[in-house]
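Shared chain: chain A. Partners: chain B in the first complex, chain C in the second.
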Partner chain A sequence: MLLEMKEITKTFPGVVALDKVSFNLKENEIHALVGENGAGKSTLIKILGGIYKPDSGEIFLNGKKVEFNSPLDAKRHGIAIIHQELMLAENLSIAENIFLGKEFGSPLNLNFHKMVEESKKYLQMLGFEIDPQTKVSKLNVSEKQLVEIAKAISSNAKIIVMDEPTATISEHETQILFEIMKELKEKGISIIFITHKLGEVYQIADRVTVLRDGKLIGTKNIEEISSEELVKMMVGREIKEMFPKYNKVQDEIILEVEDFEVIGYVAPVSFNVKKGEIFGITGLVGCGKSELALGLYGVYRTKFKKFIIDKQPLLELKSPQQALKAGIVLVPEDRKSQGLVLLLDVVQNITLPNCDIFAPSLNIKWKKATETTKKQIKDYNIKVSGEHQKVKNLSGGNQQKVVLAKFLLKKPKVAILVEPTRGIDVGAKIEVYKLINNLANSGIGVILVTSEIPEITGLCDRVMVMHRGKMIEILEKGEITPERILKAGTGLVENV
Partner chain B sequence: MKMSKILTFMRKNPALVGFIVLFIILSIFTESFFNISNIVNVLRQVSITAILGFGMTLVIISGGIDLSVGSIFAFSAVVMASIVKGGKVLLGIIVGLLIGAIMGLFNGVVISKGKIQPFIVTLATMAIGRSLTLAYTQGIPISIFPNNFRFIGRGDILGIPVPVIIMFGIFFLVLYLLKKTKLGLYIYAIGGNEEATKLSGVNVERYKIIVYTISGLFAAVSAMILTARLNSAQPTFGQGYELDAIATVVLGGASLSGGSGGVLGTLFGALLLGTINNGMNLMNISPFYQDLVKGVIILLAVLLERSD
Partner chain C sequence: MKSLNKILTGIIGIIFSLLVGALLIKIQGNSPINAYKALYDYGLGSWFSITSTLNNSTPLILTGIAAAIAFSSNVNNLGQPGQLIIGALSAALLGYYLPFPGWFGIITILILSGIIGGLYASIAGILKKLYKMDEMLTTLMLNFIADYLTLYLATYPFLDKKSYVPATKMIKKEYFLPSFKYLNSSFFIAIFVVLISYFVVKYFKKGYEWRMMGHNPDFSRIGGCDNEQNLMWVMFYTGFLSGLAGALLILGGTQHRFIKGIGANYGWDGVMLSIVGANGILETSFFSLFFGFLKSGGVGMEFEASIPSEFIMVLQATIVLLVVSTRSVFSYYGDKIKAYSKTQKVVKAHE
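Moving on, here comes the complex of A and B:
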């Protein structure tokens, strides 16, 4: 056994994050670690990475007991962690990043040439053809992941932990990553792979370990467990339907745009959204779908021939204020950097976009705001200790519900939801799906911008597929299949 | 459990704790500290820094910094003084305050429309303001004003000095702004997460401009008090005041990265600094050591706050 973690317990003030959890990793193995948010996955990984010290329990590497007092300690023992938020120095080159902290040459005269040459070797191992002198800031997320992996291999890591590497990359890039993971496995590196996407577990993992509420639920060989059983282990109950769909599309058009261009990002597109419709926009990372969404919300500079919302033509769209006034809301992609002010509490966050209701003059009617917030907390089933809890202390799923609650309070005509289920657990996802249906049924036109193909096939009435800043096609209800979406999304369909 | 709660409170309010400790020490070890006239005296001295600090509190909560308050202080003081000296007291006050507000407005517009770091913009305004002051006065102080103007610095109402009344007036105004109005909410939100605030439909640029304008205006108010008290406006006025103002805010528990802090903390920050100065005078410690003690106390307070 390469790695054994035995009966690890870790408590934080007020919570038992891990309760006697055991975990092991074989040589040449890809081991998936799954569980809902708050299950204890990150804590376990942080203990393995030397960031936290366990209260009790032991760690063995190749049968020898080890103790990690710092992240550096763990690194020296051949453990590399690739965090979800990548830890690269953006302004340095790929080569400089790979050899950061273990540079060649003397401190006063670094041997850049050798670092570049060595980097090439590692990058080639990953099939990544690029000049190692390229600045990391020029790379996209999946390329940055490859740099992190190269960095890990270059420090002779025997165990690589990947924390949700597929959350922010496209389907296509995921497949490339999986090929690399398989190759690494053959070269004798074991991988611990954290994911929320169960399909991936079956595609890549040899074994799977499930955690729930800080407890070990079980470790299984992948052949031994069906996906229904796996979901049941994760959520502790049976889930009947992953994608509830009960919205009714009305005849009336709520939003119509003609030749809508996001300058510098998206070539002119024309489309319409009906009342009660869930209209999908999808494509690979970098296809322009997020930019199109932000453009419709007035964040980027745009041009258009026609922009009609609820029969009213819009003359200009230059700021989110104008979009909000016209009845468009946008639930942004990254709830932490775009959706919430983490230092503020739930009431304050919900009040922020709704000052037109709560503060008709300069004064905020805090009593009214608090009452409304309480109602939103109940309606959206947000788990909080109180309405004045700071949002930074909420779990990912509950933070996302606060974002939804704060924008939907505005009673929009069109709601643009960008990756609304990213990084939240299965239970919370289903709640968001139900909410999307309810929104549509209340007569709102819903634009769902997502890279999750199951969400499109499961929820959308029509879907626009984009590739490299252009609309490729709009698929009608009967045409929405994963194959069609992938084909259009990788640019294999001619633009007519 | 209870002990740790007290410790957390102390960590979050270093200025309050420091002030109380110092207050007790000085009351015991010096004879002249704990009497009404000395305490009123401390308050009067503190008012100058405190008012600057109140403006700085808004700026720092919004995630910015204002290095120009000392120069704004000086320029509005000398222009105000030159008009007041000619007998037009009210006009002088209005023009002086307007100059402060306009220089702050300038900071705000360049920062938000030009998308430049507040540190750089206000550093430039600091240099410009100082130069304007020296050019305007040719380096010569402007002194001796009518009595009704001097009343602002030296007078009292019901035994309370006018500067102290102004200080508390502004204190409650800012307290109200931060707690009860959307301006306050937006300032916290911008400092906490500008991007999310913008996407919430808040006109971030406008509110940033308002914040720097208020900071400039408060600098002018503070300048008015000192000018009236000294019966003179010096071209060297306000040098280093920006650092005192920032210190009061930081001592008050605000984070320089924005999004947190409050005006009560700043008030105690200013009281702490004022009491240190006063105490050292009373204990006959050489003024050469005053800044050293101040520096050490700032470091201690911030270290205490960070030691989570």
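Moving on, here comes the complex of A and C:
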């Protein structure tokens, strides 16, 4: 056994994050660690990485008891962690990043030449053809991950931990990453792989460990467990329908755009959305789908021939105010930076886009805002201790519900949801899916911008697939299959 | 509760700085007890001292809340000194040339000077809107322009020929703001403006949008606020406050004319005060009173204990540093203690 963690317990203010959790890792193994948000995955990893100290429990490495007092300690023992938020110095080159902290040469006279040469060696191992002197800021997320991996190999890591590496990269890039992971495994490196996506577990892992609410539920060989059983282990309840779908598409068109161009990002596209429809927009990272969404909301500069919303033509779209006024709302991709003020309470967060409701004249009627917030909390099933709880202290799923509640209070005609389920757990995801259905059934045209193919196949009535800032095709109901989407999304289908 | 917290940590920081100050006085060979007694006597000891403290704090209150509102809206307006001095010069000129009768003239002067200060601040807002120039730099540079422009105007076109230093002519007697038992009525105007500003920021739609912009500009933009327009409004409003401070210096002070150096350090003190008051309007006003006390008490220290008046500036700087550090130490350990007691409860419930 390469690594054994025995009966690890760790408490934080208000929660027992880990309750006597045991975990082990064999040599040459890819071991998936799964569980809903707040299950204790990250805590376990941070203990392994020397960031937290466990309250009780022991760690054995190659049968020897070890104690990590700092991240450096863990590194010295051959454990490398690739965090979800990549820890790279953006303004340094790839080579400088790889050898940060273990540079060649003397402090006053660094041997850059040797670093570049060595970096080339590691990058070639990963099949990553790039000049190591390129600045990291020029790379995309998946390329940055490769740099992190190269960094880990260069420090002779025996164990590499990857915390949700596939959350921010596209399906195609995920496949490349998996190839690399398999190669690493053959070279004798063991990998702990944290993910929210069950399909990936079956594709790559040898064994899987499930955590729930800080407790160990079980460790299984991947052949021994079906996906239904795995989901059951994760959420502790049956989920008959991962993707509930009961929206009814009406004939009436609610949004129609012709030659809509987001200047500098997206070439002209034309499409329409019907009342009650869930219209998907998808594509790889960098295909322009988020930019298109922000363009429709007036954040970017746009040009269009026709923009008709609920039979009313829109003459210009220059700011989010105009979009809101026309009846378009956007639930942004990054809820923490664009959707919420984490330090303030739910009421203050919900009030902002709804000033016209709460502040008909100069001043804001806080009493009314509080009452409405209470109602929204109930309607959207947001789990809070009260409407004045700080948003910071809510779970990801509940934060997302606050964002949804905030924008949907406006009674929009078109709702654009950008990656609404990113980083939230399975239970909350299903709630969001139901919400999307309900939205559509209330006569709203829903535009769902997502990179998760199961969401597209499970929820959407029609889907637009994009590639490099261009619309490739719009798939109708019967045509939506993962293969078709991937083919179009990687640019293999010619423009129709 | 929160604002009490800010004030308490502020007071603890001040006590520490007074101790440090005592040490510095001791090192220079003076008696700290005598020095602080003089500080007290001249700052709070008698009715006259109290009024002089309040009079001294009047401009500080206004520049302080100007800085606090700007910073809490994520608008880096560092132009308080320039806006104040522009407002002061405007008041001096209006006070000399305006043909209106008494109280009507006073109100006109105050409002017009405020507006001129606000427009001066808006220059930075326009530069930001049109050319994306960082308002921190532009407001800072506009201070120099204001400084030399007013000096030029007071030295050449509007110079009072009888004066030995660059100064404008004295304003009309009927525009002097009256004093009640030494307390100048400009203090009440400042308090009135504080209350209005508090109300604007807390209950007005615009004020709420400003605050949200301060917390997270992306959030407010996606939420449908016009950040550029809000920045202009914040610039204008805070510039108005600084300009008003300048006008009150002319109408309510002792000189009743624009003299070189009349702006003193009021603008920069306002920036410091907003730091000490953690950008809260009421908190900043409270500490403005304290800085006013230091200013009037500092005179006493110079007279009675022959400690140079520059010492007060040293003390002010120490206060800023110590208040900020006390505050972060408190919030750090406060969070720790809270977390610990919560854990204890959970552990107990577990058992």
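One rule holds in what follows: the second predicted complex is superposed on the first by the 495 of 496 C-alpha atoms of A that agree within 3 Å, B and C clash if a C-alpha of one lies under 4 Å from a C-alpha of the other, contacts with A are read in each partner's own complex, and residues count from 1 in each chain.
Going forward, a residue touches a chain if its C-beta (ideal position, glycine included) is under 8 Å from a C-beta of that chain, and two chains touch if they have at least 3 such contacts.
In this text, all values refer to a predicted model and were calculated from it rather than measured experimentally.
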{"item": "Partners on chain A (chain B, chain C) - clash or fit", "value": "clash"}
{"item": "Which superposed partner A:Ile364 touches (first chain B, second chain C, both, neither)", "value": "both"}
{"item": "Partner chain in contact with A:Thr351 - chain B first, chain C second, else both or neither", "value": "both"}
{"item": "Partner chain(s) touched by A:Gly339 [first = chain B, second = chain C, both, neither]", "value": "both"}
{"item": "Which superposed partner A:Thr11 touches (first chain B, second chain C, both, neither)", "value": "second"}
{"item": "Touched partner set for A:Val299, first chain B, second chain C, both or neither", "value": "both"}
{"item": "Which of chain B and chain C A:Gly286 touches, first, second, both or neither", "value": "neither"}
{"item": "Set of chain A residues, in rising order, touched by both chain B and chain C", "value": "297, 299, 319-321, 323-324, 330, 332, 337-341, 343-344, 348, 351-353, 355, 359, 362-364, 366, 406"}
{"item": "Interfacial residue positions of chain A with respect to chain B in the complex", "value": "297, 299, 319-321, 323-324, 330, 332, 337-344, 348, 351-353, 355, 359, 362-364, 366, 406"}
{"item": "Residue ranges of chain C in contact with chain A within the complex", "value": "203-206, 208-209, 212, 215-216, 218-226, 338-340, 342-343, 346-347, 350"}
{"item": "Parts of chain A lying in touch with chain C, wherever the complex brings them together", "value": "11-16, 297, 299, 319-321, 323-324, 330, 332, 337-341, 343-344, 348, 351-353, 355, 359, 362-364, 366, 406"}
{"item": "Chain A-touching residues of chain B, taken from the complex the two chains share", "value": "180-183, 185-186, 188-189, 192-193, 195-203, 259-260"}
